[in-house]
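Take this structure, written in structure tokens, and hold onto it; I'll ask about it next.
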Amino acid sequence: MTKFFQLVIAGIEIGSIYALVALAIVIIYASTGLKNLAQGEMAMFSAFIAYQFHAWGLGIWLALILAILTTFVLGMGVQQVVLKPVQDSSLLTVVIVTLGLFLGLNSVAGFIWGYMMLAFPAIFPEGALEIGSVDISYAAIGVFAVLLACAGALFALFQFTKIGLAMRAVAYNKETSMLVGVQVNRVIMVGFGLAASLGAVGGIFAAPKLFLDPFMMLTVLIYALASAAFGGLDSPLGAVIAGLFIGIIENLAGGYIGFIGSDLKIVVPLVIILGTLLFRPQGLLGRKYIPRV
Amino acid sequence: MANTTITRGTSQYRSIVTVGFALLGLVVILLPFVLSGFRTFQFTMALLWALGVLSLNMLTGWSGQISLGHSALFGLGSYTTCILVGTYDWNPILTIPVAALVTFIFGIMIGIPALRLAGLYLALMTLAIGVAFTPVIRRFKEHTGGSMGISIKKKVFPEEILGLNLDQYLYFLVVIFAVVMFALARNLLKSRVGRAITAMRDNEIPAQTMGIYPARYKTLIFATSSMFAGIAGALYAFVIRFSAPYSFTLTLAIFFLAGLVVGGIGTLAGAVLGGLFIQFVPYYAEEINQGLAGMVFGIIIIIIMVSAPTGVLGLIKKLRARFVTVTDPSVVRH
Amino acid sequence: MSLLEVNNLVAGYGMVQVLNGISLSVEDGEVAVVLGANGAGKTTTLRALTGMIKTSGSVLFEGEEMVGKKTDQIVRRRIAHVPQGRGTVAQMDVDENLDLGAYIRTDKAGIAADRQKMFELFPRLAERRKQSAGSLSGGEQQMLAIARALMMSPRLLLLDEPSLGLAPLIIRSVFDTLRQINTEFGTTMLVVEQNANLALSIAKTAFVLETGDIVAGGSAEQIAADDTIRKAYLGI
């Protein structure tokens, strides 16, 4: 039984990361219809920025916050320079541009910081809470708490603020938003910055566990995409639930199904993506019309 | 300079095309004798990448379906050859049809669920396949050699054939395959099937009313595209004589897509340009810095998509159009 | 000076020109209608006025040139546009749609007061405050769309075929409400409509649009009484 709980807790810990990146993907998708395949790389880049701030002498939490703010600004910049020019182009163009971004970010990170794995400082204190025979690490509790805080803040933003209302309106009905005076382009830009920041949180909190190198977020991206698809590409709540779910399932499968072991764990999200796309393309909680053949 | 008009089908047009191809042919044939072994190898690789780009072009340029998994199909072809030759001592040439068949079948398997998806969802599915390739290969290490990869001993290939050394005859082998495959692709495009597919890409419903059934053709294209990638992969195994899980990652899939975009989506000649791009840009960029290659690629992709979505070939065509207009013969005869 | 003065407005989609240089004007406080059959260019006219498509020519609103401005800039001058197909956000509930309508306003008290007015004007909406707009009936959605537009406290209200897709009884009710809004709040309106009788019944001025050209214009009584116009362009 201990093993079970231990795996579930590990699942929640990594699932929180998936959920954060999935949230980022969902926000961008909901407001612009763009599936940002470069999200993982942006998150990785933010983790490096945080690392750099810390290396320059700032305390880890200050470094984190600065990195997240920097990412917000950079995210807006990327949207304006790279994505806005192609936002009305064909799907293929947009996908290719995000892939170009993917490649570019990966390479710039490698260029600046090299390809050797770096040790990211621990954000939460070492040690664990012991309940019976089960150890709940402070890191796991911490990351989960961060997820809940972010999700809560996002909820409050969308439900209770004017900008949140505008963002939702743009996601649901761009034309009507324009007609009530919403500056759609500005809202999209801010939305992108916000999503980038969420991804940054995911990347930063993943770094101590996954070790920092330009390829760190590659597999996380797949899990996050699976979570976003499974939860419903336009449902933030779905993204959170799906992220945690996939984290838990992945660990349970790896721990209990010998065939999968730790090598094939990635098959889990892939099967989920395929299953979702084929049987229930709108995901658990999603709503939008899915382009079908 | 005045703009001259050339009409397709006239003897003037035909002679220009013939001379052009003859010159090209001459360059291609003389290349391995003029350049060093290593350079010949590089051009051989460029041709292989071009075939990869071509396979993607069939899917994306013609039928508008996005695939991020072609690296997996390429790798599948390569592994097929390496396993059959390395473990089971097959004659290398015989592995090519096997690789073609294996990837064709995979293509059908992917093509069928792909029917129900479109656009970004298809990209996501193929992304999943592309990324899954590496860990799956590692998992079945008894057959594939796992992370260490699997290699073909050089002895399998004779030192010399008809007076040509290894680099040279492999080059010609790939050239022959490339010419055949490009010709096949061109014929496919011009055939009834090909025209049906491009008709569907632009607008599916009218195509359907004309009696063209999307499902059959889409799956066929997927399978054919996969097969081309698989054959290219098998030839890759001839040249490199080594397959490893990390050779066929998402990065390669992105490179194929980049080559497609840079060369010009939907064009055959663009595939060759794309192949050259994939081979030589990273080579020179890496001399400066390892990360630079990807950065250059990434930036170039973005710039091209934003400013010249028709790729380099599109730009060349536009340039040529300033001086020469190529028209089709008018239907009405005087 | 008219509230809205349109001169030689040319507009279209891509390479297709739909409006060939139309001119019309709307006085402060009146209801003006643009009549025309399908394909005449009615929707295009309104979209051109709110900057949603490329236009050339001149649109003077309160003396200020609107051509070349972006939609949100135009809307901020207090021009509310109720597009064809309602223009409500289906996924949001009635309350949120009204909130959205008041987006450019900052006077909380005024917004609350106007919201009350809307519920008095449209009691059906008051009953369904927390229902999503998409679950309302066609007539209710149209009312919500109008209410949404009115929440802006607009100087000019543009309505695109309010009768479209509604049952006759509901249409009558909608048009009665429009007349009520004009008399009670003094809101200036420009309505484009296919249903000539209905539109003329609430209008002061009328224009007739036929494949991109204004072929007639004058007071509503004039246009209604003119048999040649009715037969030739309005099919009645």
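A, B and C are the chain letters, set down in written order, and residue numbers restart from 1 in every chain.
Rule of thumb we're sticking to: contacts are C-beta pairs under 8 Å (C-beta built on N, C-alpha and C of every residue); 3 or more make two chains touch, one makes a residue touch a chain.
Quantities reported herein were computed from a predicted structural model and do not represent experimental measurements.
When chain pairs are compared by their number of contacting C-beta pairs, A-B comes first. Taking the mean of each chain's C-alpha atoms as its centre, the chain lying closest to the overall protein C-alpha centroid is A. Centroid distances from subunit B, each centroid being the mean of CA atoms, peak for C. Centre to centre, using the average C-alpha position, subunit A and subunit C are separated by 43 Å. Rounded to whole angstrom units, the spacing between the C-alpha centres of subunit B and subunit C is 55. Computed centre separation for the pair subunit A/subunit B is 33 angstrom, with centres defined by C-alpha atoms. Remark: subunit A residues 162, 165-166, 168-169, 172-173, 175-184, 287 touch subunit C in the complex. Taken in their complex, subunit B has these residues touching subunit A: 60, 64, 66, 68, 113, 115-121, 123-125, 127-129, 131-132, 135-136, 138-139, 204, 214-215, 218, 250-251, 254, 257-258, 261, 265, 289-302, 305-306, 309.
Across the interface of their complex, subunit A is touched by residues 50, 52, 71-72, 75-76, 80-81, 83, 87-92, 96, 99-101, 103-104, 148, 152 of subunit C. Against subunit B, in their complex, subunit A makes its touches with residues 35, 37, 82, 85-86, 89, 91-93, 95-97, 99-112, 115, 214, 218-219, 222, 225-226, 229, 261, 263-264, 266-267, 269-270, 273-274, 277-278, 281, 290-293.
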